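Structure in structure tokens, see below.
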Amino acid sequence: MLELRLVQGSLLKKVLEAIKDLVNDANFDCSATGFSLQAMDSSHVALVALLLRSEGFEHYRCDRNISMGMNLGNMSKMLKCAGNDDIITIKADDGSDTVTFMFESPTQDKISDFEMKLMDIDSEHLGIPEAEYHAIVRMPSAEFARICKDLASIGDTVVISVTKEGVKFSTRGDIGTANIVLRQNTTVDKPEEATIIEMNEPVSLTFALRYMNSFTKATPLSNTVTISLSSELPVVVEYKIAEMGYVRFYLAPKIEEDEDETKPQDDVIMK
Amino acid sequence: MLELRLVQGSLLKKVLEAIKDLVNDANFDCSATGFSLQAMDSSHVALVALLLRSEGFEHYRCDRNISMGMNLGNMSKMLKCAGNDDIITIKADDGSDTVTFMFESPTQDKISDFEMKLMDIDSEHLGIPEAEYHAIVRMPSAEFARICKDLASIGDTVVISVTKEGVKFSTRGDIGTANIVLRQNTTVDKPEEATIIEMNEPVSLTFALRYMNSFTKATPLSNTVTISLSSELPVVVEYKIAEMGYVRFYLAPKIEEDEDETKPQDDVIMK
Amino acid sequence: MLELRLVQGSLLKKVLEAIKDLVNDANFDCSATGFSLQAMDSSHVALVALLLRSEGFEHYRCDRNISMGMNLGNMSKMLKCAGNDDIITIKADDGSDTVTFMFESPTQDKISDFEMKLMDIDSEHLGIPEAEYHAIVRMPSAEFARICKDLASIGDTVVISVTKEGVKFSTRGDIGTANIVLRQNTTVDKPEEATIIEMNEPVSLTFALRYMNSFTKATPLSNTVTISLSSELPVVVEYKIAEMGYVRFYLAPKIEEDEDETKPQDDVIMK
């Protein structure tokens, strides 16, 4: 039997909004450790990894490891019916082919049960090794979202270049070019407004803006985002979920020359 | 001659927003008693009844009973041109084929006259007998609107079941099922937040969500909504208009078995 | 070399929003006097004139007169990437076929460079003689925008009639007629809320609402709008830009009889 009670139910609503456009169907894996998901996007270019640790739930009962295949669009439809202040409980009986989402209003005057059919989904769990990154940038998540949105109005790809002084986001399109430079800045009033760069060696990598903009759907989950870059590895764009875990997005850099950077990246395979 | 002056003109704007999607053309009936309307929706499934009592107007002159046929879409276009704080006066000369809506800004610096052609509309006035209902639920109108909207993302019909403890709204669709229970709750800080159930006998009836969602367009008119249910009668969904009258919506329950509750209700006739 | 630094960069963003729907491509003229533009709309019915005086810029360097052809849609895309509090600098090297827009955040932590290709655009600069107007109306810009929008829901043209007592905006359409009268009112709490009429002789002129509604895109630039009317001249709709200049729109009145006032005005030529 499975019963996971999350007092801050709005977190689960935000998680679904963050990943539902990227992934259609996916297995949620539930174990004593936590509630997690790993899935490729539908075009098999980007990877999403979600972890909500068991300690973050008010009540967490998971008698045995279970993998529940869900359509994220349908799950999102149901979670949208939860109020932002509602407590959400995820329930499943052993061997059942359904999952139930229960929403309790703060006053307990309104109780909703939404039952959804589970799906059989083939998936292989990719091992993601811990890696050393050439550069790690932590910055305000809203600023990152703004930059990706702005650059997408000019071009299709973004070159992210990190030096000790700052991080540069560049694009090029039919109407011209754009360069946005953020300086390292740790002396801000609020820690979440800092732009912090940890760099072992300079790095400059090209990515499809379409995917970056999908990743920024996770912005409401966290005030900051961490971007980990290495020339041989997919970039990791991570949004921490307060005291519970994270949503991480992985995307392989485009390997074409700068001159071809507007070529679509549908042929790039995750390594 | 007809001259009806309504200081709180925004009420008339809200009334039109409440009914214009349901009814295309209708006769407004004006008598010494008040300004009223009764009309079937365009698919002849639901009935709307509006009453604005003469006492609610600052000035009310209606020399003889008159029935004015109007296109509600066009009337709504004109009323949208009134400011929310404007005083609205409805004027018609005897025998004229037009009606004039006059809007006065609070400072009297802006005066607008909108003149609209009247229409000849055949309509029979249905007598709606006073009836005893098995159950009457009064609840916050915004909560009712939220529930109808949420359930419509899952299914096509809603089963409303009332017991002494509370009222349950249920639906079923391709992606799963939903049950929302509101408990009776009279001990709230604000009276308009109460959920109050008067019940003679338990009742469980099925309705098309499409119509219920149309009715909730009247939500801005009132903080509360009253739902009167009887197994032999159309449901009455009533929004009171402060100190003036009401908008009431009538809808026959679906007579199919629960198992067929997703069948369209276009064949249901108002009795 | 050209380098124009505008601390209140949001002004330039608003200017582009005001004119980009009316004009596709235009030459910006830069001289010691200021940064200006004059262009016909794409259907050659209306004329736009913009002036930003050099004194309004924090830094203004323009070594020689230069005319820069730009696509306003593309320019607007780039300026939308500037934050509302950003400082905007327009830069161009002598003989270059590109222009650069630099955006600096207030904290200087984010610096963006957007480079856009210039275009060769044929244009003749029309001399606009100073003229005497029969009537000049100054009124709140938001009120003018509201009136144009409201009337456009009823008809295609507006008759603007000015007398000493006030200004009347009228239209007529399939669903009826509308008249909106604003009284002269100079005794208001805030000067920008006044409606002030300077009149030499009464005037009544007809204009296409489609263009009037385009002009009101400039509303965010100024709290007030000035409408100058003469029976022999195009109307001038002017939005002042605080301490810097103006955006002016010119539109020839429709010369048809009132009875034909719904006829399209595509055949009207600017004189």
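Quick notes
Lettered A, B and C in written order, each chain numbered from 1.
The rule we apply is simple: a residue touches a chain if its C-beta (ideal position, glycine included) is under 8 Å from a C-beta of that chain, and two chains touch if they have at least 3 such contacts.
A quick note: this is a predicted structure, and the numbers were derived from the prediction, not measured.
Different-residue interface: chain A and chain C share under half of the residue numbers found at their contact. Taking CA atoms, the transformation carrying chain A onto chain B includes a rotation by 120°, reported to the nearest 5. Chain A and chain C have CA centres that are 44 Å apart. Residue positions of chain C touching 2 or more other chains: there are none. Here chain B touches chain A in the complex through residues 143, 150-151, 153-154, 175-183, 185, 195, going by the rule given at the top. By the touch criterion given at the top, residues 71, 74, 77-78, 80-81, 98, 107-117 of chain A touch chain B in their complex.
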